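Following this line, the structures themselves.
Both complexes shown next keep chain A, but they swap its partner, so chain B is in the first and chain C is in the second.
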Partner chain A sequence: MTTSDTVIEVAGLTKRYRETLAVDDVSFAIEKDKIYGLLGRNGAGKTTVMSILTAQNFETSGELRVFGEHPYENARVLRRMCFVRESQKYPDDALPKHAFATARLFFPRWDQEFAERLIDDFQLPSNKRIKKLSRGQLSAVGVIIGLAARAEITFFDEPYLGLDAVARQIFYDRLLEDYTAHPRTVILSSHLIDEVSNLIEHVIVLDRGRVIMDDETDAVRDRAANIVGDTAAVEAFAVGREVIHRESLGRVSAVTVLGTLTDADHRELALAGLDVGPVSLQQLIVRTTQHAAADAATDEGALR
Partner chain B sequence: MNRTLNVIRMQLINRQTYIWIPLIILAGSFVLSLLVYSMIPGDVPKYGGGSQAPLWYFLAVGVQALTLTFPFSQAMSVTRREFYLGTLLTAGVTSLVLTVVIVAGGLVELATNGWGVNGWFFYLPWIWESGPLGAAFFYLVIAMLFFISGFWSATIYKRFGATWLTVVLIGLGAILVGIAWLIGRLDAWAEVWTGLVTLGSVGFAVWGVVVAVVLGAIAYLTLRRTIP
Partner chain C sequence: MIEEGRALFLQIAESVEDSIVEGSLLEEGQAPSTNELAAFYRINPATAAKGVAMLVEKGVLYKRRGIGMFVAPGARDRLLAERRAAFATRFVGPLIAEASKLGLTPDELATLVRDRAAASIEGKTE
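Entry: the complex of A and B
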């Protein structure tokens, strides 16, 4: 798995709080200059993993390497990373321009012109204290720092809270444009899976502190299909396949089946007059997560 | 090193905390003291402890240096060590500014014989017994001690929570009471007071440096595993 392009390696990473296991034996690798989606429900461990990778938090056990070194108290490694979190705190007296001027001091690849353009794009008032900004404007401060820092690895943890649809689109557009011009590694954690699904090349899904999916986005999309049509025909096709979701309305049913469809499958579907549709990334992840949860529940049931 | 110096600029975003409020406290307590002095009849020398007020405030500055700026420093990918050293340097620089203001005020007092009303706000004989430089050293050390105490308390709070902070503070109080008990038990209060007087303000400040170094090291160890 490890190649010369690997910038982050994590093996058996575990974070235990007194009662709970926030991160449970997580292993993955992040490659250079790709955009990753770190997805999962609230409390799945996304923020904890990102905090540990940026040495803001500490692992209980396990191995981690960023640019080949442990990031803790390691300025050489840390200065190449930028972590924008949803609930970032700023100095009390700080205006947005103070925050940006400080970021300029610490991020070697900071682009001031780009920052100014983003301030315009997000219509951020620069002479109002950060404390007094609206939720969306506060998010914009973080987003601007994350983008203009051009750090070699940038983490965005739910960066869009309070941003309206237009502002979110500006974020996605600028991220993609600037990524194309200045490739770097981006790790984006988000609830709005379908909104970011065109952006991310690789998906890592966490559920209850464990990795339940780690694959290229395209491969993930191929993993399942939606079959729609006459209930009897749909059920006949579904026999012997793993169905992760089922819906029916009158005589029409839709099932989501796991597994890539073969040519024979496609012929069978055409003969039966069934429609095949792609599964949205969001649907697939929601279904898989529910599925994993159900499995976990049965496991626990069996143990008792 | 550059990044450590940049932490000073990050801390000084809070200009109000570091510069304006200490100066306002000093000016405010100065004006109030002069008003009080002018109301006291007779030409006996009038001493007040008002110039200590901004020194006490450095306790709060220490608290704010951690609570307001540490989380932001982490977002700026600054190591805890860089943050701590830069923050101590900031405290050193601002303490020095305050010290210079206080000592300059004391020199004016000496020149004007207590602002013409024989009232002494900056100049206190015990602190100034070794001259203005001795007094400056004393004020600088006391300000840093207050700062480090505030910073350490805030770090304990951030890392272990309010309960442990209370436990530590009560524990320190218990140790002080224990020492007082021991001195009383040994019937040594007289020796202790004479010792303090012969030690003088500079000797006292030298011990202050020792305490500051120990406390500073403990504060750093506490910060090393603190999560923003």
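Entry: the complex of A and C
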């Protein structure tokens, strides 16, 4: 779906490394001024997709448009984007202030005051060489650049390796505050799904190079439920529903069913003495991913 | 404060409704803004905006141009009526289900509810 608000458009994007299909026929659209979560397991293809979108890698095939143009060697497009990656490299003798000075030159909407406030928030030593910083402090350098750049599209790829819970909360709070004051498009890749689930308006899940979920986050929050109780009663309720996970302990079973429960469902569950529990976004993604993997294994088995 | 498994915008709308029902937000009083709600609950402002929009559509809040959102006159009575109507399904239904599971008779259940309710109201007036 393309609207005038689309800032990134990807259709049939594929990246092949020799034998490996890292990105497999991926299509999605990113709209202006929304916060997206790009989620999925390690190796699912998240970093590859973001690298291609920021012209640090090439597609094998497929179409991509960022602000309506192909980003490769396209300075006009690249200046409007910021890619904060986990493994960002800096020159050997660089100090954090050098990295910030470079960013200030590159990003037209850089806010120096905001950067300085963030340096304080993260208690970053400005006069220590980047090479000598702790893992968390190194992550803070990237996070500060990503926030203070105020780029029209900012990619945060697992930006917080080594950041403790307090520092991560500072990152989330500053991101929300600054996004509210200066709306822009943010694509946040993370495996700390529960931590970011309230921040992201839209969720895209990649699994083995494919998109397995592309939805408004709030719409998926009640998409699944855990049903727990006597095995026979649980199985009776599960008939005709899509079950994405099943476990049992003696005569008690727990199933995760897809689909929003209706009032009639709730009455049926109460009558059958079954308990209903919520499924967090993280659980839903884990279950959906496992389910997709099981389906893929069945398909392959059928082909043999 | 925020529970899993339910749409956030609904929970935000309910939190505002709660304040109106409890009387901490008065009719014609100014309601928290979308940004205040987003910051307080640490959620995406678009989600908070959706909750506020729902309350406007329901006639619980109304917008004063350039000033903000306000609680509509009559909102509290309407919310009370809505909550009372939902009370039987939301609370009494599960209560009866659990009571019958434990073998409590309707009379025993009624006595239990009456005694507890009386004690709780007495406790409050002291």
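Following the convention adopted for this analysis, the second predicted complex is superposed on the first by the 293 of 304 C-alpha atoms of A that agree within 3 Å, B and C clash if a C-alpha of one lies under 4 Å from a C-alpha of the other, contacts with A are read in each partner's own complex, and residues count from 1 in each chain.
Just so we're on the same page, a contact is a pair of C-beta atoms (placed from the backbone, for glycine too) under 8 Å apart; a residue touches a chain by one contact, two chains touch by 3 or more.
Since the model is a prediction, treat every value here as computed from it, not as a measurement.
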| item | value |
| --- | --- |
| Touching partner for A:Q56 - first (chain B), second (chain C), both, neither | first |
| Touching partner for A:I200 - first (chain B), second (chain C), both, neither | second |
| Chain B versus chain C as contact partner of A:E113, first or second or both or neither | neither |
| Touched partner set for A:E19, first chain B, second chain C, both or neither | neither |
| First, second, both or neither for A:R221, with chain B first and chain C second | second |
| First (chain B), second (chain C), both or neither touched by A:L271 | second |
| Chain B and chain C footprints on chain A, overlapping residues | none |
| Residue ranges of chain A touching chain B (in the complex, touch as defined) | 51, 54-58, 73-75, 78-79, 81-85, 88-94, 98-99, 102-103, 105-107, 145, 151 |
| Chain A contact footprint on chain B (complex, rising order) | 3, 6, 9-11, 13-17, 64, 68-69, 71-72, 74-82, 224-225, 227-228 |
| Of all residues in chain A, those that touch chain C in their complex | 34-35, 172-173, 176-177, 179-180, 198-201, 217-219, 221-222, 225, 263, 267, 270-271, 273, 277-281 |
| Complex contacts: residues of chain C adjacent to chain A | 2-9, 35, 38-39, 41-47, 50, 89, 93-94, 97, 101 |
